[in-house]
Structure formats: C-alpha cells, structure tokens
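In the two complexes that follow, subunit A is the common piece, with subunit B as its partner first and subunit C second.
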Partner chain A sequence: MTGFQTVLLLRHELLLILAAVGIIIFDLLLPPEKKTRIIHSSTILFGAVFLLSLIPVESGELFGGSFQENRLTGFMKDILNLAVFIIFLQSGGYLRKKENAHKMGEYFALIIFTLTGMDFMISSGDFLTFFIGLETASIPVAGLVAYDQFKSRSAEAGVKLILLSALSSGVLLFGISMIYGATGSIYFTDIAPGISASPLVILGFIFFVSGMGFKISLVPFHLWTADVYEGAPVNVTAYLSVVSKGAAVFIFAIILFTVFKNIIQVWENVLYALAVLTMTIGNLFAIRQDNIKRFLAFSSIAQAGFILLGIMGTGSLGMTTIVYFLLIYVFTNLAAFGVAAAIYEASGVETISGYKGLYATNPRLSLVMMLALFSLAGIPPVAGFFGKFFLFTSAGSQGYFILILIAVANATVSLYYYLLVVKAMFIDKNDQPVSHFKSPLTMRISLLICSLGIFFVGFASGIFEYIMSLSGMLF
Partner chain B sequence: MIQGLSIYHFLVVSTLMFFIGIAGFIIRQNLITILLSVELILNSVAINFLVFNRFLYPDQLQGHFFSLFIIGIAAAEASVAIALIINIYRRIHNINADNVNEMKF
Partner chain C sequence: MNILSLFVLVPVLTVVGIMFTGGLKGTRIVAVVGMGIQLLLAAWLVFYYLAVKGSGDLNEMILVSDYTWFPSLNIRYTVGVDGISVSLIALTAVVIFAGVFASWGMDYLPREFFITLILLATGVFGFFISLDLFTLFLFYELAVIPMYLLIGIWGSGPKEMAAMKLTLMLMGGSALLLVGLLGLYFYSAPDGGAFTFNILELAKVHMPSGAQRFFFPLTFVGFGVLGALFPFHTWSPDGHASAPTAVSMLHAGVLMKLGAYGCFRVAIFLMPEAASEMAWIFIILTSISVVYGAFGAIMQKDLKYINAYSSVSHVGLILFALLMMNKTAVNGAILQMISHGLMTALFFALIGMIYGRTHTRNIYEMGGLMKVMPFLGVMYLLGGLASLGLPGFSGFVAEMTIFFGAFQHLDLFHRAATILVVSSIVVTAVYVLRAVGIFMLGQIKNKEHLKLQDAKWHEKLSTITLMIGIIGIGVFPLWLSDTILGSLQPFMDRLSAYLH
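And then the complex of A and B:
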C-alpha cells in the first residue's frame, strides 16, 4: 500500500484534524474585535472538508488491522459530517451572543475533535482503537455541554455527563477485559471465531451492552439523557442527540454483527428486552414534558428503541435500515432542534406551552417544526415513515412480529405527544405569542436543507438501494 | 509468577475493586469522591487486563498496552471532570451531589 492510498483511507480523520488545528490557529491570530469571523470561516472550512471527504475510496486496513475503512464506514462518516455541517450552520446565532465572544473558536475545534474520535471509533478494528475513539468522542463533549459557563444548569449538566460517561466507560471496559480474558485478543477478526456462549463471554457481553447502552441512551441506562440535554446549549444538544448517538449506534451494530455474531441467540434476547423497555418508557416520559429540550430528549430515547428493531434484523438488511434511518434522523431531528434554537435565541422561550400561537406569528418556522415532528412520528408522506417502515421490515425478516406490534403501538402513542406540540403551535390561542422574528441566513439555509431532506430522502429509493449495495459487500 | 498466588486471587481483588467503585459512585455525596470511585473502577479494569495477559497469554502484550492506555485516558477524564467540578464550585460554593439537582425527571 502506497503512502497516498494510506492518506486516502484516512481522509475523513486527517481532514478533520487539519480543520480543527487550522481553526485553533486562526482563532489565535484574529484580533479580538474581529472574532466573529471565525463563525463563517469555520463553517465554510468544514463544508470544504465535507465535500473533500466524499471521494469514494475502496476498502482497506491500516496499522495492522486496527483501522478498517470501507465504503460503508465512509458513508457513515459522511452522514455524521453532514449532520455537523448543519449544526454549524445553526449555531451562528447562539455563538454571536456577547458572553460567547471569547470562546467561539473552542466550540468549533471541540466539535471537530470529537467528530474525529467518532470516525476512528467507527473504523476501529480492535477494542483499543474503539475505546480511544469512544473516549475522544465523549470527554470533550462534557466541556461543550458546560459551554454556558455562567448558567448553573449548564455546569450541572456537564458534571453529570462527565461522571456518568466515565462510569459507563469503566463498565464497558470491564466487559472488554472479560472478552479479552476469554478469547486472548483485542482484534475483532481474532475475537470473532473464539466467541462462544461461555459464562465469561456472556458476562463480558452484558457489561459491554451496558456501557454502549449508556452512549446510545437505552432505557435502564438513560437517566442522564434528559438532564444533560436540558442543561446544554440547544446546538450542543442537537449534536449529542444526532451525531454522538448516531456514531455509537453505528459501531454498536458493527460490533454486534461481526464480533458477537456467534452468540446471536444471546444478544437478540437482550436487545429484545431493551427495545421494548426503551420504546415504552421513552414514550411515556415524553408525554409529561413541557421543556422542548427534555421533550426531544425523551423522544430521542424512544427513537433509539426503534433503531434496536433494525439491529434485530442482523446482516446486511439490518445494517442498511439502521444507516438509512439515521440519515433520515439527521434531517428530522436537526430540523426540530434548529427551530427550537431559532426560537430560543430570538425570544428565550423553550417550553411547549410557550409555543402556543406560534403559527400566527412565525408560520414558516411552525411548518418546519410540524414537518419534523410528523417525520419523527412516522406519518406517511415524509421520510420518517419510510425509515420506521424499513426498521420494522428488518425486524420482521427475523420473525419478531410481537415486537413489531409493540413498536407500532408505541409509534401510535408517540403520535399523541408529537401532535400536542403541533396543537400548541397551530390551534391553541395565546395572548402573548412569540413575536415575529427573522432568523439569521445560515439558520434559514440549514432549515431549508433539513426540510428538503425530510421530503425527498423518503422518496429517493436510490439512496436505500445504494446503502444496501454498500452493506451487501460486507455481510 | 509469584509463588502461591493464582489468577483467582488477582481477579477477586479486581472484581472487588470494581464493585466497591460502583457502590461508592452511588453512595458518596462529594463529587470528588465520586470521581475517585470512577478511578477505582478504571484501575480494576487495568488490573484485569494485566492479569489476563500475564497468566493466560504470557507470550503477547495486548493486555499490557490496553492497561497503559486506560491509565492515560483515566488521567484525561479526571482532569476534565475536576475542571467541571471547579466550575460547579464557582456556581454554588460547594461540591455536594445533593445540591447539584436543579434538573430532575
């Protein structure tokens, strides 16, 4: 393998590291009165990174199998890059606030560094690279969550996240150490044949799932989610709920399908129980929320339960449905968080009751929010329906019909609370609604991208077939 | 190998450390002590890796390397956690977990 091919295989990671270092240096060189330039230049730089890393490259492995890149992982990283690009477009208004003037560069650099960690995690070929990527992706996020330095809620969310994520890493590592003890290797390819349903492996696997369940916020391990999402700035919440969770889901599915494929009868039972619990409890708690960020937190917990249905399908169909669902989830959730961020910046309102009468004053924002919520609920014309439909198909291909029944019942329950928000915006009367405002141009562009995505990704069946062909090469 | 000590002795110690860490994480009130409990968990995992490597697969070094990285990452984690705890201290002037409860349910 020549040097240039190595560079091409590492294109996502190298470009991201270059971009982050470039942003830090640019931030240092800018005089204090021109600091706001960093917002546009970082967004444009990241857009260039996103476009450059779209180059298709054949699969290959580096560092003796520690780093494995193929078309599918490349596509996953492109999805994450796209999500981060949309988040950068949305965060301009928040960063322009006076109290953030001295730390705008950090915001971009930290997000890009964590994204690099996630890319390494997705491409990992052994548990060590996986673990280092996971920690690179989760330690700086705590700093981002506590970004609103002078708000006690933000500080509280940050400390809750770092302590709980350290605990979950510890539990995850304890599981990995047992798997190492049972199989004698940390390389995925060497572990896979040695995995059998021995007590040590199963115990290690349970610890492993507990640790990963924390990162994906599956139900018994979800208690941090709502608090951290509520305390963090809206754009960071969007990042946590889409990018962090998406990357964790990708690597979780890859490890289940490759490393643990010999004990499929064990992990299917575990995931069955987790899926039922996650969907049901996530939905039930979402009903009683009034804060929009807490509401979206529980909604994203429930969505994680639906994603598990895709994992139950196993093999190339399962992988395809997960990647496809997360692509749709990026557009959908970022549209919802974008509207929440726009309203919060303009008026400081972040409760659902405060959204009453929004349609009368801000019709376009209300429409985008409605589209996003319909897509989250899975109402037919929009993309969310197709995403959920394929997830159910994936579980159905393995014959889990009772699980699908529970999932459909849960989707109906979720419709209730999503429509509560729509009702507040469109029907409820309010004497003092959020007044009319015009959000920054970048925010409008990002909402336009999200709306187009919500409309067209569902109908463009070529995307699903493309992902299918990518994952078909692997499984 | 130390005479008279088998792999079980080491594993019992590391497992005990792990669960003492979990218990401390749940019981303790002071945020710094909670952080110490997490460090205990990470160190127990490091012992686990070393012991498995030394007793079961002595011709390889994967477990040794893993434990080195665990120690490094635990240090990074501790530094960020302490920075955030200091931030909490500046807001509410103590670091008692019971007082860090503005958001619930």
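And then the complex of A and C:
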C-alpha cells in the first residue's frame, strides 16, 4: 500500500482533522472585531471538505485491519458530512449572538472533531478502534451541549450527558471485554467465525447493546435524551439527533451484521423487544410535550425504534433500508430543527403552543415544517414514506409481521402528535402570533436543500438502488 | 408516455398552475380548466374503452404500461384500466368538476384550498389507475391526508376534532392495510423468484391458506375503514358534517368508494379463500352498517348528519354486495358505487348551497324552502327519490341488482341477512321524506328566508351535471352494467377456481 493510497482511504478523517486545525488557527489569528468571519469561512471550508471526500475510492484496510474503508462506509461518512454541512448553514444566526463572540471557533472545531471520531468508529475493524472512535465522538459533545454555559439548563445538560455517557461507555467496554474473554480476539474478522451463543457471549452482548442503546437512545436507555436535547442549543440538538445517532446506528448495524452474524437469533430477540419498547414509549411521551425540542427528542426516540425494524431485516436489504432511511432522516429532521432554530432566534418561541397562527405570518417556514413533519410521519409523497415503507419491508422479509403491526400502530399514534403541530401552525387562531421575520440567507439555503431532499430522495429510486449496490457488495 | 398517466399529471400540473396564480378568481379558473380537461379525458377514456371492447379485445386490462421504479425490490409503476376502473374514473372526474363549481365562493385562503382539494383528487385518480400495490398504497394515503387540512382549516363546527378523528381512523386503517400488502408481497413467489406487488401477477399466485387467514382481515378492515365498515364508521358522520361542501362531495362521493374498490380488487380478489371463509363475519358487520346507518339517519336534525349516516348505510350495502361474491351482486355493488357517488355528491352540494343561504343546517329551523328556492328544492327531492330507490333513477338499478344477487344464495344465513338489509329501503324512505317534509314543504318558519334567492348559474351547472348522471344510469342502466360485467369475469374465474 503506497502512501497516497493510505491518504485516499483516510480522506474523510484527514480532511476533517485538517479543517478543524485550520479553523482553530484561523480563529487565533482573527482580531476580535472580525471574529464573525469564522462562521462563513468555516462553513465554506467544510463544504469543500464534503465535496473533496466524495471522490470514490475502492475498499481497503489499514493498520493491520484496524481500519476498514469501503464504498458503503464512505457513503455513510458522506451522509454525516452532508448533515454537518447543513447544520453549519443553520448555525450562523445563533453564533452571531453577543455572548458567543469569544467561542465561535470552538463550535466548529468541536463538531468536526467529534465527526472525526465517528468516522473512525464507522471504519473500525476491531473493538479498540471502535471504542476510541466512540469516545472521541462523545466527549467533545458534552462541551457542545453546555455551549450556553451561563444558562443553567445547558450546563446541567452537559453534566448529565458526560456522566451518563461515561457510564454507558463503561458498560459497553465491560461487554466488549467479555466478548474478548469468550473469543480471544478484538478483531471483528477473528471474532465472527468463533462466536457462539454461550452465556458469556450473551452477557457480553447484552452489555454491548446497553452501551449502544444509550448512544442511539433506545428505551430503556433513553432517559438522558429529552433533558439534554432541551438544554442544548437547537443546532447542537439537531447534531445530536441526526449525526450522533446516525453514526451510532451505522456502526451498530455493521457490528451486528458482521461480528454477531452467527448468533442472529439472540440479537433479533433482543432487538424485537427493544424496538417495541422504543417505538411505544417514545410515541406516548411525545404526545404530551409542548417544548418543540423535547417533542423532537421523543419523536427521534420513536424513529430509532423504526430503524431497528430495518436492522431486523439483516443482510444487504436491511443495511440498505437503514442507510436510505438515515439519509432521508438527515433532510427531514434537519428541516424540522432548522425551522425551530429560525423561529427561536427571531422570537424566542420554542413551544408548540407558541407556533399557533404561524402560517398567517410565516407561510414558507410553516410549509417547510409541515413537509418535515409529514416526512417524519411517513406520509406520501414525501421521502419519509419511502424510508419507512422500506424499513417495514426489511422486517417483513424475515417474516416479522406482528412486529410490523405494532410498528404501524405506532406510526398512527405518531401521526397524531405530528398533526398537533400542523394544527397549531395552520388551523389554530392566535392574537399574537410569531411576527413575520426573515431568517439569514444561509438558513434559507439550508431549508431549501432540506426541502428538495424531502421531495426528491423518495422518488429518485436511483439513490436507493445505489445504496443497494454498495451494501450488496458487502453482505 | 402512457395516456393513463395524464390522469395524474393533469391534476399535478393544475396544482402547479394554481401555485403561480393569486386570488379567488384566478385560482378557480385554473382549477376549472384543469378539472375540465380531466373530465374530457375521462369521457374520452369511456368511449375509447367501449370502442376497444366493441372491437373484440379480450385483454383483462387495457392501456397497460409498466415502468420499473425500484428494480431491486421489483416495485413498478404499472397502470391499466378495466371497465370498473373506467367507470370510477369517470365518476371521480364528474364529482371533482362539480366540486370546483360548488366551491366557487371559497374566499378564505382560496389558493391553498384548491391546491389541497386537487391534490386529494390526484390521489384518487392515481389509485384507480394503479395496478401495482405499492403505487396504489401511495396514492391511497395521498388521497387521505389532505382531508386533515381541508376539514381542519375550511370546515365548520367542531372541525379540529372531526378532522383529527377522521385522519387518525383512516390512517389507522391504512396502517393495517400496509401489513396486508406486505404479506401479499412476501407470499407472491412461492417457488422462489422475485416478489411482486403487481395485482395481475399476484392473481396468478395461490397464497397459502394460513397466510390468507392472517392477511385478509387486515386488508379488508384496512380498506373497510374508508368504506365506513361498522364499527369503524364513526369518523364518517363527524367528518362529513364538518367538512366544507366540495370536500364532503368528494369524500362521500368518491373516497369512500376507494375503500370498497380496494376490498374488491385487493382483499377479496387476491385472497379468495380467506374471503369466503370469513365472509360471514363481515356480512354481519356490513348488515349492521346498512341498517344502523339508516336508523341513525332518522334521528338526525342536521342535514349533513342525515346524509352522512345515509352514506354509511349505502356504502355498507356496497361492501355487503361484494361479500356475496356472485356476479350479479358484485355487479350491483359497482353500480351502487357509481350511483351513490353521484347521489351523495349531489346531496352534499345542495346542502352546502342551502346552508350558504340559510346559515343553518338544522331542519327544524327551516321550512317551506321550496317556495323561495324551487330549483334547489326540486333537485333535493329528486336526489332523495333516487336515494330511496325509485325506478328511473340510478339507485333503483343498483339496489335491485344487489338484492337479486344476494338472494341467489340459498342458505338461511344469506337469505336472512338479505331480508334484513332490504328492509333498510323502507327506513331510507322514512328519513328522506321526513327531511323533505320538514324543511322543504309547509309554511316558511323564518321570515328572513323569504329574501333568499334560488340557485346561481354555477350552482345549477354543478347540480345538473350530477343529476344527468343519476338519471342517465337510471334510464340506460345496461350501458354501464355491460361495461362492468365484461370486467367481472376474471374476478369470478378466480373465485370459482379456488372455492369449488
């Protein structure tokens, strides 16, 4: 392997590290009165990173198999890059606030560093690289959550996240050590053939799932989600719910499909129960929320339950439906969070009851929000319908029809609370609605990208087929 | 480019056109032009279909075309029509055309109203041309969800509750349906090979009986919710009563037929064994729908509630006839779909017009309206007579055919159910004539009503279009019933192949 090939295989990670270091240095060089320049330059720089990483590279491995890169993992990283790019576009308005003037650079650097950790995690070929990637992705997030350091909620959320995150990492590591004890290796390729449903492996697996369940916020490991989402700045919440969760889902599926391939019965049973719990509890709690961030937190918990249905399908179909769903989820959820952020910055409103009468004053934002909510609920013709339908198809391919029945019942419940927001914006009357405002240009661009994604990713079957061809090569 | 795809394309282009126009006048003109083209297309389709069949074409479906959409899952965009879908497309085109005229004075957010209304129609047209269950399901949900906004924003009375109740019940139904469709898909290749959503392909496969028993009730109830199957009918009275006029027309006139059509084309046709095994359960439920709906209508004071309960009763009759599973009864069921679609659209249009003048729908607050608005009064009475099954109108043709077909069963259960259901005709006469007697005839109760005016030109156009259909079917029933009968043969063949 030549040096250049190594660089190509590591293109996502290297570019991200370069970008992050570049942003830190640029931030140091800027005089205080010109600090806001960092916002646009970072966004543009990241856009360039995103485009450069798109170069197709054939698969390969590095560092003695610790780092596995192939077309599919490359595509997953591209999805995460895209999501972060959209989030950067949405962050401008928030970062320009006076109290953030001295720490704008850190915002971008921290996000990019966590993203690097996630990329390493997705490409990991052994449990050690996986764990290091996971930790790199977790610890800086606490700093981001506590970004509004003088708001007690934000600081509290940061502390909650770091404590619980440490606990879950411990549990996860304990599980990994048991699996190491049972199989004698930390390399995925060595573990896979020798693994059997022995008590030690099952115990280790349960610990592993508990640790991952925390990152993906599956019930009953979800208790941190609502508080942290509510306390963190809106853009960071968007990052947590889309990028953080997405990366964890990707590697979770990869490990289940490769490492634990031989004990499929064990993990399908565990996932069955988790899926039912996650969908149901997430939905029931979402109904009662008025704060839009808490609302989206519980909605994203419920969505994680649906994703598990895709994982149940296993094989290339399962992997394809998950990646496809998460691509759609990026556009959908970021549209919802983008609108929430725009409204919060302009008016300070972050409750659903405060959205009443929004259509009269801000019709475009309301329409984007409605589109996003319909996509989350899985209503045609928007992309969410296709995403969810294929997740169900994936579960159906293994004959889990009762599970699908539970899932569709949950989808109907979720429609109820998504419609409550639509009702607030379009139907309810309000004497003092959020007054008309114009959001920054970057925010409008980001919402346009999201709306286009919501509209076309579903119809464009080519994207689905492309992912199918990528995962077909692996599973 | 397949000509059938125009039925989806024209409404979509109309929607785009409306987006770029403003104000009530501009939008309604675009809507009328779009739906007028749609009506002409539908008329052309009817004549084309008759010509093709007349020339001896024996294909089950005509104008079939097939595009691969998601190759790896074998999801295709397949369209094609037979006599049944042609007649339902024609019905839809007539009702939506009349519906646009019925919303002529929609001054609150007119652009959004027409966009949502036509989006709903897009779903309906797409549903009737689809031969692939995936696109069928997509269009089905597309037809349901705009209802929420249409009722919630432009409705009257307890509209938020009604809109939410209707949407959740219908989407709950479609959730069950989704499981049923996935079941059909994954049992479509018993000998290996690719799974398929294509109805014509699925009709060649024999699904295992055990699987049929699990998936048939899900599919039937899933579609049945939209057909107001007892006990899942409760969305219908509230929803129809709160909806704006054009939406009630389209919903009761066409959308409820989506449910019945789905029960016929998907549930019974593709899973005949389970259908005949479980028919007795659903015959009982639909008999309750018919009788209960009719009695429910007697008790109502609100004109829209009367008509909504009457719809529960009449659409229940369609499902009842489908479950009889013989040629005459099923033919009657399809006739009833068309006939009830026209009648109920006419009723809701008239009720909307009357309400627009009197600002009440309570029949006890009105009286003697025939004197001040003779045109609307006569139309209402004619519609009522059609509804109670007077010969010369479409209702008589459809109901007679259904009862003939149902009575062909020789066993006690079917006979008893039929006799029970026939008795609903009497009840229908009671509620129709009672309502007419109270609010149309007699003395004028409210002096203010003396100042009211009769129908304007666009209202006349809207009602006359529908009335022509009703009388046309009543006088020349063979024309329509031949169109349908020709297409029933594959259905009957499949039933007899698996049942006897």
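Observations
Here, the second predicted complex is superposed on the first by the 475 of 475 C-alpha atoms of A that agree within 3 Å, B and C clash if a C-alpha of one lies under 4 Å from a C-alpha of the other, contacts with A are read in each partner's own complex, and residues count from 1 in each chain.
Everything below uses one rule, namely that contacts are C-beta pairs under 8 Å (C-beta built on N, C-alpha and C of every residue); 3 or more make two chains touch, one makes a residue touch a chain.
Bear in mind the structure is a predicted one, so any value in this text is a computation, not a measurement.
By the touch criterion defined above, A:Phe131 reaches subunit B but does not reach subunit C.
Using the contact criterion defined above for the overlaid structures, shared-chain residue A:Ile404 touches subunit C, although it does not reach subunit B.
By the document's definition of touching, neither partner reaches A:Leu89: not subunit B, not subunit C. By the touch criterion defined above, A:Ile454 reaches neither subunit B nor subunit C. Of the two partner chains placed around the shared chain by superposition, neither subunit B nor subunit C is touched by A:Leu80. In the superposition on chain A, A:Tyr180 contacts subunit B only, with no contact to subunit C. Annotation for subunit A, partner touching more residues between subunit B and subunit C: B. Interface residues of subunit A, counted against subunit B in their complex, comprise 127-128, 131-132, 135, 139-140, 142-143, 146, 149, 152-153, 155-160, 162-163, 166-167, 169-171, 173-174, 176-178, 180-181, 184-186, 226-227, 230-231, 285.
On the subunit B side of its complex with subunit A, the touching residues are 18, 21-22, 25, 31, 34-35, 38, 41-42, 44-45, 48-49, 52-53, 56-57, 60, 62-63, 65-66, 69-70, 73, 76-77, 80-81, 83-85, 87-88, 91-92, 100-105. Residues 320, 374, 379-381, 385, 389-390, 392-393, 396-397, 399, 401, 404-405, 408-409, 411-412, 415-416, 419, 422-423, 426-427, 461, 464-465, 468 of subunit A touch subunit C in their complex. Subunit C makes touch with subunit A in their complex at residues 69-73, 75, 134, 138-139, 141-142, 145, 148-149, 152-153, 159-160, 163-164, 167-168, 171-172, 175-176, 178-179, 182-183, 185-186, 214, 218.
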